[in-house]
Every structure is written in C-alpha cells, then in structure tokens.
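Structures incoming, each one as structure tokens.
Both complexes shown next keep chain A, but they swap its partner, so chain B is in the first and chain C is in the second.
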Partner chain A sequence: MTKLIFQTTVAAAALVLTAIAPSSAQTADPAGIVRKMHRAFFYQGDSFRARIKMTLTGASGSERLRELTMLRINMPPGGDQRYFMYFHAPGDVRRMAFLVYKYPARESDRWLFIPALNLVQRIAAKDSQSSFVGSDFTYEDVSGRDVEADEHKLSREEEHGGKPCYVIESVPRGAASYKRKVSWIDKATSLPLKEEYYDVQDQLFKEFSAGEIKEIDGVPTILKRTMKNLKTGHQTVVEFSEAKYRLALKPEEFSERALRNPPGSWIK
Partner chain B sequence: MNRLRNFSLVELSVDHPRWVVFITAFITLGFLTQFPKARTDTNPKNMLPPTSEVRVSNDAVERTFDLYEDMIVVGIANESGILNQGTLGKIKTITAEILKIPGVAARDVAGFTTIDNITVEKGTLQVSPLMADVPESPRELDRLRKQLFENHMFVGRIISQDGKTAAIYVPLEKGANGKEIADKIRGLVGQQDGLENYYVAGDPVARDTFGAEMFKLMAIFAPMAGLVMFMVRYLMFGDLFLSVALMMDAMIAIIWSMGLLIGLGLPIHVMSSMAPVFLMAIATDSIHIFNEFYFRYKEERDKKAAILKTMQAVGRPVRYTALATAAGFSVLLFMNIIPVKVFGGLVAFGTVILRILSFTFVPAMFTFVTAESVEKASQGEEIKTSHTSLFLGRLAGLGAHRPWIVVLTGLVFFAVAVAGTTRITVNNNMVEWFKKSSEVRTADRVMNKALGGTSLGYLVVGSKEGEAEFIKTPQALRHIEGLQRRLESLPDVGKTTSVVDYVKRINRVLHKDDRAYDRIPESKEMVGQYLFLFSMSAKPSDLDNVVDPSFQKANVWVQLKTWDAKAMRGVIETAKAYQRENPLALEITPAGIAYFNMVWNDEVLWDMIKGFLLALVVIFVILAVNFRSPRWAVVGYVPLLFTVILIYGAVGFMGKDFDMPISVLSCLSLGMAVDFSIHFINRFRQRIEEGRAAPGPESIEEALVWTAARPGKGILRNAVLFAAAFSVMLFAPLTPYVTVGAFIVSMMLLSAILCFVYIPALIVLLRKWLFAAEENQK
Partner chain C sequence: MERAWILVVLFLAPCRSAWAGDLASGLGGLEWHGSVQVNYASRLGATGQGKPPSGDFLLGEERLQLQLSGAAPKGGAGYFVKADFFRDEADGRSDMDMREAYLSYAEGPWDLRAGRQIHTWGVGDLLFINDLFPKNYVALFSGRPMEYLKTGASSLKTSFYSDQASLDLVAIPFFEPDQLPTSQRFFIFDPFQQVANRTESRPRHDLGNTELAARLYRSILGFDAALYAYRGFFRTPSMEPDSMTAPSKLTMVYPRLSVYGASLQGNAAGGVLSLEAGCYDSRQDRAGSNPMIPNSQTRFLAGYQRSPWTDFTAGLQYYGEYMHRYDRYEASLPAGFPKQDRLRQLLTLRLTQLLKYQTWKLSLFSFWSPTDEDFYFIPEAAWRMTDELTATMGANIFGGARSTTFLGQLNRNDNLYLAMRYEF
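Our next item is the complex of A and B:
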C-alpha cells in the first residue's frame, strides 16, 4: 500500500514538474521523457471530447467501422481519469456505452451498457493488453500503460519525418503482449510519432504511426493514428473529429446512470 | 531414314569411342552442377495449380476468416488425468516455450494458457486466458475443472472427455517448415520428466516429415537399387567392365534428367523422387544389346562386326520399346496433377537420353572390352546348354503346343481379376503413407481417439443474397446450430465449432451463468450486442475465424478423425441434405485442407482413368506401327492387358487404397510391360523372315521356341533386373515406396512370364488370321 502511495505521489509530482518545466528543457531521463509523453498524449487538457471513427481493415481488405463519441475527464491529483464512450455505429450496437475509471497503477473499472438486455455489466479488466473493440489497438494503447511497468532506455536521438525525436526503448518488467517497444517521441510536442512493438520471438509485429497533428485549443493533438499489425496484415485507423478541450464536464456525469441515459449535451 | 541415322551414329561411336565418352562425361558434369540447388515440395496443395478452383476458393476463405493454412496439434496425455499441478505446470511451460519458436504464429496459439475463456464471477464478466497461472489449491483446481467441462468449446478441443489428454493448437506462419517446428516441440517435450506422454500431430508434420524422409530415401535407395542391379548383372554376365558400363549408362541418364529438373527450378516431389529408380530400371532395356552382342560375338568372332550386327538386329525393337516407354510416361503430361506431369516429362526425357546412349555410349564402351573377357562371358550364351534358355523354350512350348488350355485358364483368371478390380477404393491419406508404428501415425491415432480430430474442414454458410448482418439473425444461427448437431452425428466428425457456440456462451454468462440460457437469444439486436461485447475483450481472431467482417458468412469448423477423403465427402453430402430439408436463404460451401484432399482425390481418379485410356490407345498405335499390322498388335497387347488386370484385381482383393502412386503406375505399367511383347514379336518375325530364305524352313512352333530361348533370355534378364531394382523399395519406411516397389516387381515378372506363354499360344491359335494379312500385304 505504501508503495502504491509512493508511486502515485512520484507520478503526480512528475506530472506537476513536467507541466511547470519549459518543454524545451533538455532531459536525459528516459522515464521522464515517457512520463512527459503520457502527459501530452493521454492527459492533455483537463477534459476532452471527440467524435471518433475507427476503420478496421482485415488482411483481405474488408473494412469494419466503429463510430463513437469519447469523453474524458482528468481526476487530479492522483492521475486518475474517467472515460465515457458512446457507440453510434455499427447499427446494432447503437446506444451501447462504455465507462472506464482508470487508475495509473492498478486495474481500471469498466462497465458496459447492453441496451438489448437493458443491463449494465461490469467487465473485468484483467487483460489490459487485449484488443480494444476488436481493433489493433489494445486498451493500453488507448488509455496509456503504467510508466513504471516498463524499464525505459534512451537509445538515441534522431529525426523522424523531419522532427527531432528521442528514441526510447521500453522493456516490460513483467508479462506483456510485447517483448520490447521502441518509440520515437517528438522533442517539441512530446507526442509519440512512431512506435514499434516486438513480439516474444523479437520480431516486429505491430507498428503505431501518428498521422495528422494539429493544435486544438492550443494543444497539439494527433487527429489521425494508425496501428498496423505486420503479422496478421490487419490495420486500424483512428480519426478524431469535433475535438475539443477543457469542457465543462463534471465527474458525476461519468456514472452508471449516464451509461443508461448518456448526457445529451455532449453526445449528439 | 531413321535406321540410317542410328547406324551412322553407332559406327561413329565405334570409330571414335574416346570422343563419345569424353563428350558424354562433359555434359554429365554440366548437369551435375545443378544438383546443389535441389529443393523438395511435399505440400499436397501444390498437386493442383494455384489457379485451380479449389485452391482459389480455399485461399479466399482463408483470407476472409483470417485462417491459418497449417496447424500443428500437440497432445499431452497423463493416464491418471492431466488436471494436477504437475501436468498443468508442464502445459504452461511447454506453451510458453512453443510461443518462442520462430515460424509459430504466437498470437493465435490455443491452449490452456492462451485460449480465451468467457466467465462471470461476482457480477463481473471476464474474458481472459483459461489458465493464466497453475492452480495452487484443490479449490482452484476444481474451479478450472468446472470451467473446462462446462464449456463445450473446450471439451474435445483442448481437453478430452475423460480428462486424460490436453491439446495445444499451434498455427504456423506462411512458409514455416512443419517438420522443423515439430522437431523443436519434440525436443521441448523431451526435456520434461514425469509420467506424461507427448504427441505431435497435424498435416504440416506429416507433410514435412515426409519431405525430409523423401530426401533420405532418394539418397539411400537410388544408389542401393543401382548396387543391386550391378550385382545381378555381374552374376548374369560375369563381366565387371560391362556391368560398370551399363550402370554408367543409367547414372548418366539420371544425372541428366534430375539436373534438368533442378536446373529448371522445379522442386522434387514424391513422384519425381522415384524417377532415378525408374530410369535405372528402364536402362536395363539395353540388356538386349548385351544379350545379342554375346550371341553375335560367338558367331562373328570380330568385335566391331558383332557390334554393328547386334545393333542391326536389336535396333528396331530397342527403339520402339523406348518409344513405348517414353509414350507411356508422356501420357502423364496430360494429367491435372502437377507433380505427376513433371514426373512424366522427367522420365520420358530420361528414356530418350537412355536410348541415345544405347546407340552411342554403349557401343563405344564395347570397343574398350578386351576380346578375352567377351570370350569368357559369352561361353554361357549357348541356347542348347543354357538352363535358362531351355526353361524359356519349354515355357513357350507350353503355349505353342497347348494353346487352348493356356487361353482358357487365362480367361478364368481374367474373370476373377475383373471381379477384384470392382473392389478398388480410391483414397489418398497422407498420414497412412507412414508405417503404422511411426511417430507421425501414432500421434495422429492417439489424438484422434482422445480429441475432436486432427483433420480440419470448413463449411462456409453464407447468405444467398449476400445480405450483410444476416448471420446475426436468430434463424440463421439456429440453422447453423442444427447443421452442427447433424454433422456431429457422423462417425468421422469429432467436433464442430461456430459463432453459435460463442453466442450461446455469452448468453449464458450474461444471465448469471444460468444453464437455461445456453441457447441462441431471441433477437438479432441481442446477438449483435453480445458479439460486440465479446469483441471488446477477446482476441480479434476468435471472431474473425468464425464470421466475416460484414456478417454475411459464418465459418463452421469441422474436425475430422481421419484424413480419408470419404470423411469430407460425407460432411458435404450431409450438409446438402440438411440444406434441402431446412430451406433458408443460405448456401453452404466447403473449404479447408480436408476439402482440398477430397477434390484432389477425385482428380486422381479422373486422371487415372483418362491416363489409362490414353495409354491404351497410344501403346496400341505404337505396336501397330512397329509391327506394321494391327493384328500383330492385338497379339502383343493381350499379355500386357492381362498383367495389368491381374495386378489391379489383386489390389482390389487386398483392400489396399488406390492412391496417387498406384494410379500413376497404371499408366506407366502399360508403357513398360509392352517392351517384352515388342522384343518377342519383332524377333520372332525376323526369325520367320530369315527362315523363309533358308533351305529347310522351321515350323512356327520351332521358331517360337527359338525366340523364347534366345531373345527371350534377354527379356527375362530385363525383367529380373527391373524387378531387382525395385525390390529395394520394398524395404522403404514410407508406404508409397513399398507399394510402388511391390507393384513393379510383380508386374515385371508377371508380364514376362505371360509374354512367354500367351504370345506363342495366341500366335498358334491365330496363325491363319495373322499370316493371311501378311500374305495380302505382299
């Protein structure tokens, strides 16, 4: 327990520090770079809303669509977050809604509303490395993996797509879906531009790439991202639209009641 | 014209033997340089071209449902049950190690520690690996047992009904070598101690093990066949140098043909791996040259004159037998099965090379023999003293003097054999190409007994109108469920799996694990949401393997307990009947390796019939042209047909599966067995012709006895040598080689004997008819 408190305190302190420090600060601490990346990628703004279109492409070229509205609110000071996802498409899952309470260093709580049964079902999050709604993204890819779960190493600094980047190699301390991960983190925005995932056989099997990056409400945001599985030939493209930061969302709006009756003002 | 060219060739070779040998050796070296590039192909898929309908549709199904072409199944058996800490610990370790093997599609390995299990506990739904950690307490162990046996997606798949066998399904990446991976897995399980037994089964294991064995067999049996023939030949002629010459003749033809095959970039297949033995056997045809040479030398006392006279006497039959053999093999070029085509072309090419060598290299080698050794060797070649000649003369005498008895006896045998041929069943079962006690076959047997089956077929159930989302409708699901239950009533079907099993499982889990909800829900909406819920946490492949992305089609996995083609045929027929009785706008299409085997199997049958008819026509034409008379062709044809029918009758009575190697042989056997008739009839008619000019003409019976005694000795030597070469294959560890060996040995000996008895009998019976035509021609 004390360890957990210590960890969250450290994480929170790091978050505060990185938020204060100028972004151009030269730091050689790889875990620090990753923490900063998390801040820029998963925690930007206090709250966030976007309409998300996911295109899942199979090896045969067949496409599946998922359309959802995502709401997020940060719960300071511990780094907790709440996510609310409401599905618009495909047709038979309309009105399905998904609620996640995320805690940085322990398993999240998840609930799913199944309209056909009028049932709110709690779902175990034992395997955060499993696929997110059948896509090539895992839950971790969507909401972030505990920084402390991996050992980070700065392998080199190089340009990626004309932008100077840190190249960080992360090796999981425990069991994970990958053996190691190499990330190219933009020095200017701290956003990940590319990530390579290597499997148990140390073969590259998954590749993340950031597409269009735009400033929304003053926050650099990746509006298009692709996860490609090189072994299966699958890929998932995620596109954000109607993105907005710092909304007047309230933590109470992320509740079981909201699952059944989604807040109409946020979800159109 | 033809004759002229051959003769100048022979003369040229006799005049410049060193040059002939040098050039031959040079070309041989050229072909030899291609050998290191050799590679094998044992994938049954490549039996048919990539453009064939079944391959195109199978590839499409694999892509639509993200299926793997190849799957290895690892069995772990413990007589006292596998649900104990020790065995489960081993399963965990072994699975973890298997995941690390290159070529293994780690993401989709299905076993205790990796398979998705849908459960609900304390109101929380969970999709996670069945056994993340080995149970540490009896309570945890009980929980695992309950989860296993209450989920029918697990029973018969990853655990046997009796709880004594567990399985790990290991899909392979495209192009991975099944044998290499199987060997690594065997190495892994070999390190484990304890009471467990381990089995490694599956199509890629059988296939790639077969490929590896094939190379070994080629390397061992071809030289051994060569050695056996060499020894037999030495015993026949007692002359080392000539035995060596004949062997070189065969080796050169083998190197040229195999070199050409490899040089063209073609892989060596089970059929072409047998080509060297075939060529070695076909090379024995030049025994007729040697045979005649010794007789001629005794008469001429001059080596060069003897060579030229020999070639004059046997040139025509030797050319025609080569033509017949080459034609028999060329017929295979018209087949649909690619390796059979390649094999046909390969041996036809080799046969032509052998014949060219007979007119160049062989006569050239004769010139190097010392007169003394020829003298010594030809001592025994005297019709009146040779035991063999006397015996053969008597055999021909039997036919010539008692033709009716001989013919009637033949008819009886013929009738019995025809009855036998009706019992033939066409079947290709790769696992049964291994011996019963082999590791591959044992593993397959054990796994099929304990679990759902190692042979996998698919039935794709799709909306007829291509209506998206149709599979999510309860009536479509109920249709599929009914189909599954119907299929499971077949004895060869071990287990079926489909999207229905997932939907039912989720329905139950969402209703507090209540058994009553282990059924298809009422509305399409529910099904859609269930599946979406499932896809929120399961491996993507779980659903992808059983439904297409637009839910137009579902894929039903059908595990079969045998690799026999008839099992899949039964599945398809049952599915069709089911569809007729339960009309719904759905159509069912078969796919998968089991389906491929079935299609390929039918193709073999068709090819065999086509090839056999084609060979019958071609051989008859060749005989007719050679004898310049269709009537004589009929006489030469009878022993040949008789031999083939007798052998197939025997195959039918023995209940041996009629597989690809045997069916290929059916065409070839005609081309090879006809040699004896060609030699016999040609030489007999030559004798009659020569006899007419002589003062005291021989009777037909006497001429027949002479033919059997002198050229007949060559025929017998040819048959024995041929049989000797193939008898080596009887000791092979793979059954197709044994079958081919037994087939050829019996065919050669039988057709030689029948030739000696039936040709004389027929000639005597039909003499008026035969010779009348000859008179008319003149």
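Our next item is the complex of A and C:
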C-alpha cells in the first residue's frame, strides 16, 4: 500500500516537473546530450568531405603544416563509420593515404598506404589516444570517443560566447589520458564550443575551442578549431575548407583501391 | 642537341610565369615535387687489409629526386614519374635511376597501370614470401632510406575490383634480379672465391619469359585475406661452375620458380595479427638433386603487432623456410660446402617510439635466426627538423656463429649511416 502511494506521488511529481520545465526534462539526460553532440559533431549529413589544414605551433613559435583531404561516410543503422584521409603536404607524407573503419564499441580497422613502397599496411589501433599525425588532437578527438566509455554529468547550464550551453562533466570509466573532461555544448546546434581536459592531479592540461562555425549545406559546422596543450605550450589549429555534406559516395569505395589509387574527384 | 635544349629552356624561362597556367592545365594539372638527399655510410671499426674496393665507406652519395605527376581534368587517366640523379663517391659514379614512370587509366571496376612501377604485397615486415618483386638489399644493408629497398619493374598491372573479391595481375616482361651485396663493397662469403672468370646469364627478353604475378583478395570476417600466385624466376642467382671438382668458370643463373601462397591479416587480441605462407616450386630442380639450384620450399610467417602505450609500437614475427627434398639436398651437397638446416627459422622484433609530437622517431629492427645462429640489428633515430628537412642516423650490425650464413657472412660490414633529406 505504502509502495503504491509512493509510486503515485513520484508519478505526479514527474508530471508537475514536466509541465513546469518541459525542455530540461527532455534533455536532462547528460549521456543523451553527449550522444546528440556526437551526432552533430561526428555524424552529420551521412557523408562529408573537406580539405583540412592543420597548423602545429610549438612553444618556441616554430610552425609545421599538415594538409589533407578527409572523406567520411556513415554506415547505418549502427554507429559505424568509414574515414579516408589523403595527405597533400608536407613532402614526407605526400600521397600517403589513411583508411579507417570505425566501430563505436570495438577497435577500428586502420590501413596506411605508403606511396614510396606502394605498400598498404595495417596498423595496430589499440591506442586511440595517440596523437593524430603529431598534432595535439588524438585519434579520438578526430573521430569521436565511445559515449559509453565515460560517465557523464550535467554540472550546470551557462552561456559561452553568448550562446546558451550545457556544461557536461565526463569521467572515464576505464584508463584514459585525462581524469575528467568538462564540455560546453551549444544548446542550439549541439556542437562543442569548448572542452577542458584535466590530468590526474586535476590540473587543466588541454583545451579545445571551436572557432568559426558556419552552416554548410544546412548543417552547422565548426570550420576552425584549436587544441592547446597548456603544459607544453604546443597548439594545433585545424581549418576546414571546401566542406561538403551528402556526397554521392558508396561505402565500398572506402577500400584498398582508394588507398592505392584515389579517385581524382576525391582529392582534387 | 644539348645546345638546342638550352635554347628551349632560355626561351621558355621568361614565359614560364605567363604560360604556367596554360602549361599546367595542358599537362594535366602538372604537379612537381622532389627532394635533395645526402647519404653516407661508413664501416664501424678497423677493417684492416683486404678491404673491398670501396674502402671504409659503403655509401657516399648526393641525390636529387624529381617527381612529376598529373591527371586528366575529367579523371580516369594520369601519369607519374620519379627519377633520381645521383653521385656515389664509394664507386666514383654519377648516374640516373628511373625509379618509377607509368601511365594509369581507370574505367569502372578496372585499373590499368603501364610502365616502370613498384609493386608490394604480402603481410610480412621486411620478410617477403609472396612479394617476389625486385628488391635492393644493398640499399637496406648500407643505410639508405627504406623506399630504396624496392625497385621498380617495367610492367603492366591490371586490377579488377568487385564486392566479392578483387584481383591484381602483374606482367613483367623484362627480368630484373635482386641487388645483393657484392665483393665490390661488402665482405661476403663466396664458396668459389678462387674462380675469377664469371658471367651472368639472365633470362632472355623472350615473351615466354614474362613473369606473371597475381593476387586475389577480399575481406573475410574483418580479416584481409589474399591468395597469391607467381610464375617466373628466383631473383637471387645460383652459381653454376663448369666443373664441380676443378671449377674455372662460373655462370650466374636465375632458375625458374613458381610460388603459390596465401595471407591473412586483421585485428586480434588488441593488436594486428598477420599470417602468410607460400609454396616455392623450384621448377628446374624438382627432384632436389642439383646442389647449385635451390630446393623447393615452404615458407611461412606469423606476426603480431600492437601499441601498448601512446606512440609506441612493437611487432614480433616468426618466419620459417622448410626444405622439401632435404635427403636429396644432403646427398648431393659437395664436400666442403656449408650445409643448411632443413628448417631455417628467423625471429624479428621491431620497436618504434615516437617522441616530441612525432618529430623524433626511435626504432630498432632486429633479425635473429636460432637455426643459422646469426643476427642483424638496425637501430635508428630520425629527427624531423622542419616539415622539409629530416635527419636520420642509424647503424647496420651483423653477426653470427659462422661466416657462411646469410647474415653471418656480413659480420665485417657493420656500418653507421647518416641521411639528410630536404623535400620540396
């Protein structure tokens, strides 16, 4: 009897809460917010292509450049994705190509094409927290981290750069390069505007910030992003150009053929 | 003729900027790149008397590489040329090496590539079973960058792609041997040391001697699976003396060979697992009774690579060569010749650590054969000073219990190498 009363009370309270704040009740699930952010950040538009310029700046001000073309296709219904990257510069990686079959809950398949040897090589993919081409971004930062790998908590809601945001704190369930991560997720676009990474001593060591955001083919897209390592003073700025969604791509085209002999339309 | 070229260049040079656009589009969006490289290797330790003619240096070269490429504006057709111009002080020679020069065409599921090109397949790391394309071991042993391990072959490659399986077919009409250490630069084991009269007899450029190599591949349960076939020649020469008892003349021949094999590679246990095997059919000595021609063999390898921590990778391989007609080999081997084991085994270990935002790469590759009791280590440090300039320093260290085994014979060739390369 007491149980029944209790349940009714909870149900009534829930109803009242829903009536008062419908939006926050729908989105109060922090993992749901992060999932939505993933869709907006890593999964938009079924397929995607962009020319990417990465500028790596050392603490002393020395600059290095990476230029590549990235193509991505989603593999519904699950969260599988295929990525293809072709390097234009610098010289020692020119014409190299990189193919990734990404599975949300298990290790990716990765292949690298080395043009000087005409060699396609499979790469051990255990460490998704390795640096991506020597930049401050990790493989995870580039293609997304499994949402279930962290415990997410909505710590507050606040404005960032004039935009209302959810502030989510994510704590890894297993071993990771950070102890916790705080993300400012734009309520309107679900894009991450800022992320702070804290190390074991709970000191801020890495910071992500979104720069220019533009609508491309109707999709809000971060065209400029920065990852800054506060411990080493090293930072990487990534700029997208010629971005395009919903291309006429087929999953089968993300293959060894593309690595060895990429279609001209992909990499022009 | 030379003067005519100079005039053409002088005439074109001032027009270059004005015409560059037109010219580039006419040449299929011509892209040109290249590199300048200096590469030296010196012996470690005193070698004393009886040095090879190159003295204490295995390599002393400067090299210019030019790459030209382009593609038709509407896709489908393209070209690629990579040519090296170099001077090597170790033998006082200047030369040009056409590394690659090919035309390519793609139509539907077909790719066609004709010309001098580098072919690589198989899953071994510096161990090749089904990859029977020409290699330059001299480059590896004297500290030249890894790309020089493979040499181009004038060939026609046809590829067909489908969802069920894809096929590569390579035809090589002009035989090219592997480049192996010679007494010109290396201390090597030579069972016929006293015989100076030597000739090389390569397979003639006959249509019937065209080498054929095929690979059929597809994905099976997330693993890359492939079947291979090759029909051609051993690229390592066999020495044929005019007389076994009192040889006065040696002929270097390349016996006929067919190879059938398979490989499998994929993610397993947090790393990448590689398996490959090949059956070597020594067609000129199936009976195994000619001691100068390699016996038929089965070669196999198993490899495992993983990355236990950030920017560190470890790879381990086990490799074996099993002789099919060992009894005949033993019976026919002339007295005084070193005897091979029935099963030659090799273990390799590769460790790679990247540091400082991947601008430093420290690596160690090691071969060790428990059956031949010999080894080969390659420790190396590479520093990418800027995006354009890279400096590499390393060593080739050989050794073994006997001076007659493949790596053991190179014992006195330990060397330290330096390479600096500017890419543009």
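The criterion applied here is as follows: the second predicted complex is superposed on the first by the 242 of 268 C-alpha atoms of A that agree within 3 Å, B and C clash if a C-alpha of one lies under 4 Å from a C-alpha of the other, contacts with A are read in each partner's own complex, and residues count from 1 in each chain.
By our rule, a contact is a pair of C-beta atoms (placed from the backbone, for glycine too) under 8 Å apart; a residue touches a chain by one contact, two chains touch by 3 or more.
In this text the structure is predicted, and so the values were computed from the model without any measurement.
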Clash-or-fit label for the pair chain B, chain C on chain A: clash
Which superposed partner A:155 touches (first chain B, second chain C, both, neither): neither
Chain B versus chain C as contact partner of A:241, first or second or both or neither: neither
Which superposed partner A:96 touches (first chain B, second chain C, both, neither): first
Partner chain in contact with A:263 - chain B first, chain C second, else both or neither: second
Chain B versus chain C as contact partner of A:60, first or second or both or neither: first
Partner chain in contact with A:133 - chain B first, chain C second, else both or neither: both
First, second, both or neither for A:255, with chain B first and chain C second: second
Overlap of chain C and chain B interfaces on chain A (superposed complexes): 56, 58, 62, 64, 90-92, 116-117, 119, 122-124, 126-127, 130-131, 133-136, 234
Residues of chain A that touch chain C when the two form their complex: 56, 58, 62, 64-65, 89-92, 94, 107, 109, 116-120, 122-127, 129-131, 133-136, 177, 234, 252, 255-257, 261, 263-265
Chain A-facing residues of chain C, complex: 33, 35, 71-72, 75-76, 78, 104, 106, 111, 117-121, 123, 146-147, 149-150, 159, 161, 163, 166, 217, 222, 224, 265-267, 270-272, 274, 305-311, 313, 354, 357-359, 384, 386-388, 390, 421, 423-424
For the chain B and chain A complex, residues of the former touching the latter: 60, 63-64, 66, 99-102, 104-107, 123-129, 132, 173, 469, 472, 510, 521, 523-530, 532-533, 535-541, 543-544, 548-550
Chain B-touching residues of chain A, taken from the complex the two chains share: 56, 58-60, 62-64, 87, 90-93, 96, 98, 112, 114-117, 119, 121-124, 126-127, 130-136, 199-201, 203, 205, 231-232, 234
